[in-house]
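These are the structures, in structure tokens.
Note that subunit A is present in both complexes that follow, paired respectively with subunit B and with subunit C.
Take a look at the complex of A and B:
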């Protein structure tokens, strides 16, 4: 009996040895969105996010409730005036080069974001940080120049990642982080190879190797996925059908904070009149527009509030298409015979032009005559967006406080509607200083309501992400890349 | 002959100079610059934009930048890509090699095939073989390359699983790794190439067969086989040399669509990216390289035609 038991054990051990020997490689695409300029500096304008997500950790990660959960920061607390934040760090965390992660690294990683020479787009996100003090190796105190009650939410930004103290000059190529995978070879325009970090502080990753293969063309990515050269890929709405009914793939839908929309300049006639702006926005049947532009299930309707469905501060605004209401507002503003407007758009992203075409149809019954002006995709952001009075736009997901401040606060660099509303700005200031969650939530709701009443942005829906994953890949949550715990992703076959 | 070569080389240098000026002006005239392209929407932040322009020397006048670039270029310093911040020699070098690999493979397969099939079609004029080949060629010419490329991937990579669909090796991979990934792109290019050359060769074989000297040879009782080898082939292949030259130049210039569909790391995709990045030094280098290739290949084709056709030589000025 003992003997048989021993044999079985030996067999199991041998089996485990063979499975352990078969190296598993997860293959994903690099979309080359920055045209080959990708590098491993997390805050660079051309960060290689496909690799950075796996190499570095953040201070916090996304919790299931849309709020920050501990990652490198174990816990945090704010002073009563929300001017100082104290972070307690995870102990026993090591960088890939063997050095310890501590508060000096936090100080360095956060303070370097302010360096103008780095041309970092993150600078404006964290510009309220005045300095970081090292209290002891595992405690960092962040001193702000203006109050911020939701600082940890800002640390959820996918670019705010921890690098070793003083590594700024070399981080772009060394990629030394605390994350689940270590850099083996960096080749953003070819294949970048990452290897499992055996000493990862949250446990060894379940795949041995990750290859990031650059395939800039979306069609080519789909071909590669079908041919087994990739393990998963994002899909466009029209590509979902290719994978439906195919047992080798699992299709995942997940809400995201990305949106495409239309935006008018509130400083340019006729959009200086808040009644005109609201009329132009309230004619839209948002569900119908989403179904037509991104396909059924491709979008979650929004009421021009930039805060997405997964964000705890999203306000529950209702907005059906109201043609009569729009007509009345237009008549009140002096456009009883309807209004002619030019909308500038471009083939920059899938669906952009289609959205304007749908808008043209939906707006027509209210006497809004939309003339579509096509611009070249090349140079759209520099020459058309924030220049012409009414244009197409698109945004990536951001937490409530960040998007409200970046895109709508008067004077902000990316205030695309040139929205200047003192009451709105003051709501944001109060919210940042309000430590009581209920009161803070009410303030953010009020800010979103102000945008619905007076804003210049038409945000018909937030886009749902769609991803096809090979069935052999396990542990991939139905959520954005940003939410994936990469050390838990597993591959059960090849 | 030597004088001709020297004269052509001399005029080539002037051409290259003009190309460089035209390209520079054209990219300058395009809206936006390297920094607005690099930063995207971040360029709306004036301090970030100013820092970027300062870092890349874009705040100096255009003429100064052109002179700086040209001075470096003639000394063999190709400069650094503005967007990728890597030496241009590395970026262009590997990709051009890959383009040469693809062009050579396609030419080595395609040109002999096209010649043989073209002659066969011409000799078999209006018979089933000719009809099959000619209509096949028209078919191959009229299908857009992105369609034939996609169909090839669907059938051979996804359906049958014989080979990889898209190329996933790095630009600087060893040639053998690259070649094993290049089967489908080669087939896609060969299809188009064979079609064009085949049709020209066929017409020219038919013309020659109808010429007076072939009729004469027939009347004299020369065996058909000998007529074909001695008279028809040399005379009918000559006109195709220039087309072959142009085809090779086309292949070396980068086949953007084929490269995109197969994800092939060649010069074509890089050149398109360089223009949309407003990456002037990179655009300049690629433009001059491709212009040189065009000039060189055409010169070679002319010289070859000259060498093979004694009649042309007597017209030499």
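Take a look at the complex of A and C:
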């Protein structure tokens, strides 16, 4: 009898232990923006950034002050002429396959970005790196072909991730990194499963699994969040009310350099004429557009400069809606009777279509007749963006030097407006090489002024981020995803 | 000695519009017709009676609840929902009405011709039609829209073609009942060509079935068109359209239900009205709709 009782107790104890150790799963969404072509190569044009963020580490991470903070690089220093940078790496870091992370991996990961065959959008960001030398296993020296005074800022790029030496041919499917989670199953069109990396160098993650569920439609993502199928999601202004007063969710507001905008191909008529481009941009009442599209307080107006308000290199251009000025420019360019344009957009992200609707109304008084052309959300980035002459666009926050080079330098693979301006390129070159902060700042300001005068991007505002997080999720800071330390995120219930 | 031949339209109707009197005499028919007529009239006169500009945005009155100034409130861009709902059926009604006519003409003629010709051609064509009909209708529409793009003319032809497939079946089945009748055989014996036989002998006898089919097809087409708009492939924004309005505001259904309820009620009432009218029409014409192939 005693023995039977003992067995029962043991069974109950085992059951309780099982319950206590129940697996916790964090569920997030993927937007399927590349129509299923997403892969785990961090520098691929169709990178699966929702997964890569959790699988790989960067050399540096965003510090709370917006400056680089140590991640895989423990410290860094530059030569006096900023032509050589030396990185000291973290000790004891291992890849998911058990191999050690060292300077040879840094050399491989950074030099691989320059491979033209990969057509990586990051190439233009780091094209000043001539070579990387392995000083010792924990020290890498980066030799530049032209000076760069802010090189560590470029390592904040969400795609500059460290992968094992020689893994380029397989990394797209293996996803071997040093990050807090490792790949279990890859299914960009369905559910991708990641498991906690027990040996993570910053400590074991507090959730056991992460599921990345592909939901291309923003409204559907919100419904999935309300239904408990996701644990958090970004919101737009008018979706906030859905979650207000709901104790199951916490709403987070945070400043960001993300933006949605409209972009013209400067290599395609009628947008080859800088006067037409400026006229199409100067009709916008940016504050009103922000209020209508992302809600009051949801956006910080921008005068088409991609550098956000939190970046010290942002210039102070002022711009109001100038209908008469736009009419005059259009007349000068041969469009005295106004101009007809097609704007291609999609319901891929909240606010994208609405921005075009607002633009249509704001542009009409200047004789700009906008025809809205809808495209399917899945595959938008592959089939419409950088293909059609005038399209919706969306960018994540980047430091000034990076965004100016990546999105506007001649020949850059994500130069979405096909902007080719020798004077602009020269300003960027000079800024990178300029060691005096005041002079460097002036050069970046001049580059932003050039974009206002001649650029093809309409950037009406930067989005102030809003996110709804289920109350059971803890450890998620009120900041953009780039700032999240994923190993510290935990779930206290399901 | 005289030979009694069947003659077409043997049971001639007492009056050309007797079916209409019968239809209106039925409660469902009267209600259905009233709803459809109301929608058609509103669609015609709405540009003159709408209180606001349907595309005018107002940053000072976004998502205003229904009240004296905006009877059905405003949407996310401060546009008057009542105005947009009034105007929101114009594109749908016009496009689907024209597409219905196209579907009836090509589907009806091809169906009757197949019933008359029969044989291997009939067999092959019907298998192709069956294969196309086995694809869910929304997929068929999306396929065409993806290939051909959107736009009013394209949508009319896409809907007209897609929904014409069901008409082929109905017209062919109705024609098969008739082609063995004496008056058709007599016409063939007289040496009439097939077009004349279709036009003079089959058409008058298939017309009733096609009329009911047209009404039913119209309601399905409205649903199909609104679904395309909902998915972003119908009317382009900012044109007021019920499907587009529902799609645009579905994310705020819980906090601003008026933005979704108004277009939903408008669309649902029109489809219900057409269905009630079609049902009464079938009864008035003596057609048993339960015997017809599902649409």
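Points worth noting:
Operating definition for what follows: the second predicted complex is superposed on the first by the 298 of 494 C-alpha atoms of A that agree within 3 Å, B and C clash if a C-alpha of one lies under 4 Å from a C-alpha of the other, contacts with A are read in each partner's own complex, and residues count from 1 in each chain.
Methods note: a residue touches a chain if its C-beta (ideal position, glycine included) is under 8 Å from a C-beta of that chain, and two chains touch if they have at least 3 such contacts.
Note that the structure is predicted; figures quoted are calculated from it, not measured.
Legend: residue contacts after superposition of the two complexes on their common chain; A:219 is shown touching both subunit B and subunit C. Contact with subunit B, but none with subunit C, is seen for A:187 once the two complexes are overlaid on the shared chain.
Once the two complexes are overlaid on the shared chain, A:145 sits clear of subunit B and of subunit C alike.
Once the two complexes are overlaid on the shared chain, A:227 sits against subunit B while remaining clear of subunit C.
Applying the stated contact rule after C-alpha superposition, one finds that A:121 touches subunit B and leaves subunit C untouched.
By the touch criterion defined above, A:268 reaches neither subunit B nor subunit C. In the superposed pair of complexes, A:173 makes contact with neither subunit B nor subunit C. Within the superposed three-chain model, A:410 lies out of touch with both subunit B and subunit C [touch as defined at top]. Comparing subunit B with subunit C, more residues of subunit A are touched by B.
Overlap of the subunit B and subunit C contact sets on subunit A: residues 219. Within the complex, the subunit B residues that touch subunit A are 30-32, 36-48, 51-52, 55, 83-85, 91, 150, 153-154, 157-158, 161, 164-166, 168-173, 260-263, 265, 269, 273, 276-277. Residues of subunit C that touch subunit A in their complex: 55-57, 59, 62-63, 76-78, 146, 150, 232-233, 236-238, 247-248, 250-252, 254-256. Against subunit B, in their complex, subunit A makes its touches with residues 35-37, 45-46, 116-117, 119-121, 123-124, 187, 189-191, 213-217, 219-220, 223-224, 226-229, 378-379, 381-383, 385-386, 413-414. Within the complex formed with subunit C, the subunit A residues making contact are 218-219, 222, 238-239, 241-242, 288, 291-292, 295, 346-347, 350, 353-354, 356-358, 360-361, 371-374, 376-377.
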